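Shared between the two complexes below is chain A, which has chain B as its partner in the first and chain C in the second.
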Partner chain A sequence: MYDGGKIITGLIIFIGLMTFPVWHNGGNAGVLPKQEKPVGKTACVKPTVEMRTSHMLLLNQWRDEALREENRKPFTVDGQDYEKSLMVGCMNCHTDKKKFCDECHLYTAVKPYCWDCHFPPKENL
Partner chain B sequence: MDMKRRDFLKIAGISTIAGLGAPAALEMLLKGDAPASSFASSAAPAEGAHGAAPVTGKQYGMVINHRVFTANQGLAQQCIKACHVTHNVPDFQNPKDEIKWIWETGFENAFTSLPTSYPSEVIESKFLVLCNHCANPSCVRACPTKATFKTSDGVVAMDYHRCIGCRFCMAACPFGSRSFNWRDPRGKDDKGRYFIDRLTLNKDFPTRMRGVVEKCNLCVERLAKGLVPKCVEVCGDTKAIVFGDLNDPHSEIREVLRTNFTIQRKPELGTKPSIFYIV
Partner chain C sequence: MKHSFLAVIALVLVAMLGAQVPGLKSVFGVVIPWLAFVIFLGGFAYRVLQWGKSPVPFRIPTTSGQGKSLDWIKQDKYDCPATGAQVIIRMILEIFAFRSLFKNTKSEVHSGPKLTYESSKWLWLAGITFHYCFLIIVLRHMRLFTNPMPAFIAALEFGDGFLQIGAPTVYITDLLFVLALSFLFLRRLVNAKVRYISFAADYFPLFLILSIGITGILMRYFVRVDVVSIKQLAVGLTTMSLPAADVMDKIGTMFFIHLFLVCTLMVYFPYSKLMHLGGIFLSPTRNLANNSRMVRHINPWNDLKIKPHSYAGYEDDFREYMVNAGLPVEKELPKASEPEA
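Here is the complex of A and B:
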């Protein structure tokens, strides 16, 4: 191989640079978002784990039920009625959008466009 | 295998014919169970998503008594204001970008096919117009994503989540009842004025975003709570707008239609508008 030394050295430097974020963090997942439960509430519409992983599916399901299937009846869990709505449902308890939505979405780098149309609570647009 | 080429070809030919003919024969034998398959059929009034769903047969409509509006100058503007505040309709202050759910227009614009030989006070007055919530809506057929659809109550509703802003529905609607958000409704103009007034913002109803089409929703969110549409509420006891189920022979609106001569906008187009006018 011509210039083998240069090529291999170059490759090692290149791989080192490319994988910098991996070995620099050393398996550390960074600062995890802090979960904060709404004050005075003990239960959500579904178990926390399920809500954490698939709240977006539930929101889509609620949207389709309310808009397309014309079923705007409240979602009842343990005798407690919840409005099938992000704006006047979820955000009634989870009143802080920054803590409840943005912190995790920022961490996981997802950009949902809910708030292009819907209002977060107490928003001063 | 011991088979002559001639026999093989015969069997192959017969199998092909049987294969092609069998579905048609089966369909004839099992007639009646065939699912409604055409795309257009889903646009038929008050039809369930899969054709077989039971229909409620409701078709909400309105009778707009133009005489009352003529006698109560300013009532129409009150209706418009109330509607646009309730639904956070932006005011871009530019006719090209205008968003309107309910508005006033001249006789010759509203009733294009009618002769202008009516009394001059009718011809020269402004008519309150809104989405006609047609029983056979052309916009619903035109929508490629089914973002706009007919509810079982006969409302031509929109799911803004699904609108891709192609504006086919605007081209299809003969009444100009649909408006496109060319600009961000939450934005503000050069002078810093918000398009949706901050003071009257209704935080129980979402805004729209740039790039979607919007229209009157006959206040489905209020109907779900058992309330009448906002414009009907504003008119109140004047009975300037009578709201009800056109398919219920005992409803108030049917009584009004029975006892008054009414006209519709462009009925000749076959969209079956649900808004009637007493002139």
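Here is the complex of A and C:
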């Protein structure tokens, strides 16, 4: 081995970087999200499985429909009408952002910027 | 090229069908990724150690500038480094700025016939764009593997999603990644000279990485998957605490295709040209100081029993034959033995 010291140091650094998540987590999988489902309601806008994976696509579609196509036709869940809106649609049922949306988003480290402008329920200016 | 393309399609199909079989989800989600990762690290270390064992008896840096000489001749320090510190700067520029690729030229034959060389930066631009996007994408993926996620990755996510287009936000690197890879592929098709020297070993990694990018983009923007369950699996892989079967069942097929292609890449990596990741650090033409005139480098496999043989000694041994053959000698034969002419 020529320049063995340097090469082996380099290799150890490389393997250390590659296995970064292993020693960062330290064998602890951390807390899982415990989102609180709305009480008294049984169904979401779309089937739960679809909401779970694709709610952001739906929000994006609503936003385009409401603001670009002026289509604010209310939608119906369980025979009740809701507004096509983030603040008064989704949050009408999911009343606690922290205990619902944020639980998942913190876990998967997503930070929707929607709340730069939109208010979560019960927040006062 | 045809075969590389079909090979990647076959890999996609294997994962697509495999993930449908109930019991095989844990094979594609756990066993294969673990094996692939071990092969990747093991193969990588093996290749690097193998290179480390090859002797580099002399300094063979490629120089494209004035070497260290007399005091009044300006040395080009980073093109022809003479000290360790200068080599380090040259290596940093090479690794982070792809400096030797920046010197890429294009040669063309014009009517005349006249051969022309001109600077060509497109390859450098696409190459460096691709590599930085790859790096940022892989770093951003750490959000799936670490819980809680380190803060610098949040900063990367924010910067990358800066355009705030749509939901989920479009990442700038996703667009540039596909764009740069497409350029690198088209270059091999359009340029006849490059096409002539392109083989499966060139096309296969391009197709493989491109399809990893495409499946990832499909998964994020079009065929949504359950990212919460995927994170449970990914964190589980790093902590040896695997998620329950019902969590695995929530993960869509697109993810298994993406992951299987990544596993293929990891297994293929150490045995392919992609090893330039390690190779760049061990390139004798880059990492040696050009100090052959200042330091004596002794060939490591020299037999110490063989004594140095100077030219004067050589001439002493063979003077007569040399003179007979009409070769010039520094010291003439003694007068007495001079043949009569």
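One rule holds for everything that comes next: the second predicted complex is superposed on the first by the 101 of 125 C-alpha atoms of A that agree within 3 Å, B and C clash if a C-alpha of one lies under 4 Å from a C-alpha of the other, contacts with A are read in each partner's own complex, and residues count from 1 in each chain.
As a working rule, contacts are C-beta pairs under 8 Å (C-beta built on N, C-alpha and C of every residue); 3 or more make two chains touch, one makes a residue touch a chain.
Quick caveat: nothing in here was measured; it's all calculated off a predicted structure.
By the touch criterion defined above, A:C93 reaches neither chain B nor chain C. Of the two partner chains, both chain B and chain C are touched by A:Y113.
Taking chain A as the reference, the larger set of touched residues comes from C, when chain B and chain C are compared.
In the superposition on chain A, A:E70 makes contact with chain B only, not with chain C. Residues 63, 113 of chain A lie at the contact with chain B in one complex and at the contact with chain C in the other. Note for the complex: chain C touches chain A at residues 40-41, 44-45, 48-49, 52-56, 142-150, 153-154, 157-158, 164, 166-169, 224-228, 231-232, 235-236, 238-241, 250, 252, 278, 281-282, 300.
Residue ranges on chain A touching chain C, taken from their complex, read 1-4, 7, 10-11, 14-15, 18-22, 24-25, 27-33, 49, 52-54, 56-57, 59-60, 63, 104, 107-113. If you check the complex, the residues on chain A that touch chain B are 63, 67-68, 70, 72, 87-88, 113, 116-119, 123, 125.
Remark: chain B residues 49, 149, 151-153, 157, 159-161, 186, 194, 198, 201, 203-204, 206-209, 224 touch chain A in the complex.
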